[in-house]
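Below are two complexes that have subunit A in common, paired first with subunit B and then with subunit C.
Take a look at the complex of A and B:
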């Protein structure tokens, strides 16, 4: 029973991080119909930026959110305006955008190797090892903070997408860009903004991951794939769908340690992905686009 | 000064020319209709006026100002609205969200609460359905929503592209009645229709478009009485 409870707590905490991590990928796909393979690279870059701020300037990783997230946002604006804007969209442009953004990722990875070498890095703060008792389960403080930040991020996104004019415009562009022009929505601006928000979320995910795990320039690959699994599970870009998808993946992963050796945990998600694609290709919760 | 002046415009889709020098004018408070058969270029004409299709030649002027270089996204803010063919709503957003987004341009946005109230008094059915997803409504209700969305931008020129398409006869009546009502409220209207008889009965003046060029124009009643038009389009 104790173990069950502690696994549930771990799953829920992990889900908060996973949701924040996957949302950017889902948002960009939902609106631009592009699978952003650079997502993994931005996660890695977010982790390194946080690490540099921590080691060079002694900045607390969580307090550097107001720096890392805007930087990632600006990187997204640049990437969109410099490259992504010229890509064909949707099914027709699938291969080109995959190749281009994969290329961007490779470049980012190699720059990171140059700057930081291939060694593992980690961020250890004074509270890194501290724990907290939650429902009688001892939980690492960092995990709890990451979960809360993930949850807050989802809440902010939900409010943005459902309550603000610009958020509604983002959903409208996802559903029918042609009629957006008719009401005076600048569709290109919405594309830029959406891509930048998605990239900012990847940067935030990198920051959060850097407080929990060691990383190197190859980081982000597993996270990208997990994000992909979550988006397929949860549907495109509805906040609730992504949260549910994240929770399903986190639960399956966490509980798999009861029956599987831990090095297979990461593979569990992909088995799940294959099962869903075969049996419920529309996702577990139906296929609504940013509704 | 005409509300709308279209001068000798040519439009291409790739290499294929769709409009071969179309000219027309719409005066303040008029209902003007463009009629013609499938593929004649009606939608293309409206898209060119809305700025969605670029002009290869010619010019469009709104209230005396040339629209050359004005991107499509800025035209709703100037007072030009289009109710597009096939409604083109955002199906997974509520009726009210669809309407709100109609007032996206800054000029319309500051008055959106009052305009929304006006649209709801015009179409009480939309008020009843405000929380419903637009894609789940009937064709007639979706058409109302599309008209409402266009009205939310506070247009002075309202363009309709085949608003009666796919509607039951009783709803077709309603659509044309609404067009007339909106004119009575002070709007200027450019109406594209395949339903030539109804359109000419509703409009003040009409243009007949054939393969991308204006074949005939004049007062609606004269066009309706014209032997060649009756033979070609009404089978009489």
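Take a look at the complex of A and C:
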């Protein structure tokens, strides 16, 4: 029973982290129809920015959110204005964007190797190894904070997309950019904003990751793959669907250890991805959430 | 051995004999004259090439720019190049760049010290030795293609290996195919040496011995009554050849122990894992006394952080070769890493006498820091190759290979002597040094006794506090 409870807690906490990782990728795909392969690079850059702020200025990782997220936002604006907007519109989701953003990721990775070398880095705070006892199960404090931030991000995104003018404009552009132009929505501005928000969310994910794991310039690859699985599971372009997709992936991965060797648990998510693509191409929750 | 290549001269119509001689020539007189001229010209060219080759073979010395011949005929010492060139690639950029940098320091120190007295003593000549080092960018394909370039274009006399099992495993095949001696200190997995290769030599003892040496210390503690008997072990290993060797070492030791140990959990995990909470909940449920893991540094940091947070504690905890790294201490804090057991191929604490002291002093003087085991094994790999060339009295690949196979030299490594036994696929075999992290930040060698610099502690005192 103890082990079962412990696995439930693990799955819930992991889902919060996974959701935080995938929001940015899902948002950009949902609106611009671009698979942002630079997502992994931004996650890595977010982790290093947090680490630099922590080691150089002694800034607590969670207190550095107001610095890291705007920096990632500005980077997203620059990336969109400097590169992404030049992609041919009709093929924006095609091979050109994949190659371009993969190239951006490689450049970011190699710049990080030059700046920080390949050393593994980690952030240790006074609460890094603290835990809270809950129903006899120890809940790591850091992971709990990451989970809460994941939930808050979901709430903020949901409110932004459903209750604000900008959010409604983003959803409208996602549905039909040509009609948006006719009703006076600056589509290019919405694209820039969406790409920047998505990049800022990736930066936030990097910050959260840096509080939990050791990382090096190669970090971000695993996160990108998992984010992709989550976005497909949850239904492309749906924020709530992404959160549910993250929960499904985390639950399946955590509980599969009861029946599978541990090294296969990472592969379970990809098996799930294939099954969903074959039997429910709209995602596990995609159709309902969108409707 | 000089390989003289002379193009075949086509049979001339006039030289044909038998019934063909009587037959009318198919060529006109002017064609015949042209053919004779061509034939004579070709003959002159071949003679000129032969003369040049003979002259170069008989010349008393060759210029420093002369590429080192891949092989020369006759007495090797008589045909020594002006400079012996050793090729190597290392992951100087990319994922393993940090460790690649360590290996570079080890190699460069070995070459510098060797050239201080003019170079290698080969036969009655002293020949400088040069390192041709390239960056393989932590990429298997690059490591292989650069090795081939070093062998076929740069004509190096021998190769020193790159770092990490996967790169060494791929690159060593190029050396084997081209039959050139390859000495590495970067690949420990037995899978590299179980392929029946004849040109690959490794000075990293197998990971199985790492596990075995740790188990020997545990057995001592068990016999002293410090650990339960039988002791329950949870073995958790990364899903790589490195991890498999670790698991095999423990399993074989347990099987031979006749009931003193019981493996209650045997699980592997993927490299660069993010969430070990489910795995750790299994460890907790297994009720193990000893938690024995084989992991690379990032997984060690992540897993140990989750382990500590989950409030787990075992009488003995090890992460294989990981434990005392400053990066891990910074990331986890002294308390979280204290009493962790680790075993490595070498430690600077061995360096208080003999050639170990010479190495540590020279390294510290050059780089202004204390050497780690990466530096020692790379330095030692270069030294093994130098010694083999000197023993062979030649740079002929076959002679150097034979000298490596029969090598027995005084060594920095535990045991004090380095050999490459044929029965283990030319992989060196020697005991590891076992260390234990202490709360004060030190990691003394606690086993084997003859090299110990401190006393080990078991069971883990942290568990009393927990």
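Points worth noting:
Operating definition for what follows: the second predicted complex is superposed on the first by the 278 of 291 C-alpha atoms of A that agree within 3 Å, B and C clash if a C-alpha of one lies under 4 Å from a C-alpha of the other, contacts with A are read in each partner's own complex, and residues count from 1 in each chain.
The rule is short, and it goes like this: a contact is a pair of C-beta atoms (placed from the backbone, for glycine too) under 8 Å apart; a residue touches a chain by one contact, two chains touch by 3 or more.
Being a predicted model, the structure only gives us computed values, none of them experimental.
When both complexes are overlaid on chain A, the residue A:14 reaches subunit C alone and has no touch with subunit B. Touch criterion not met for A:251: it reaches neither subunit B nor subunit C. Contact with neither subunit B nor subunit C is seen for A:96 once the two complexes are overlaid on the shared chain.
By the touch criterion defined above, A:165 reaches subunit B but does not reach subunit C. Residue contacts after overlaying the shared chain place A:175 against subunit B, while subunit C stays out of touching range. Shared-chain residue A:128: touches subunit C; no touch with subunit B. Looking at the shared chain after the overlay, A:183 reaches subunit B, while subunit C stays out of its contact range. Which of subunit B and subunit C touches more residues of subunit A: that partner is C.
Against subunit C, in their complex, subunit A makes its touches with residues 2-3, 6-7, 10, 13-14, 110, 113, 117-124, 128-131, 138, 140-142, 212-218, 222-223, 253-255, 257, 261-263, 265-266. Listing the residues of subunit B that touch subunit A in their complex gives 50, 52, 72-77, 81-82, 84, 88-93, 97, 100-105, 108-109, 133, 149-150, 152-153. Of all residues in subunit A, only 165, 168-169, 171-172, 175-176, 178-187, 288-291 touch subunit B in the complex they form. Of all residues in subunit C, those touching subunit A in their complex are 93-98, 101, 138, 236, 239, 267-270, 272-275, 277-279, 281-282, 284-285, 297-298, 301-302, 305-306, 308-311, 327, 330-333, 336.
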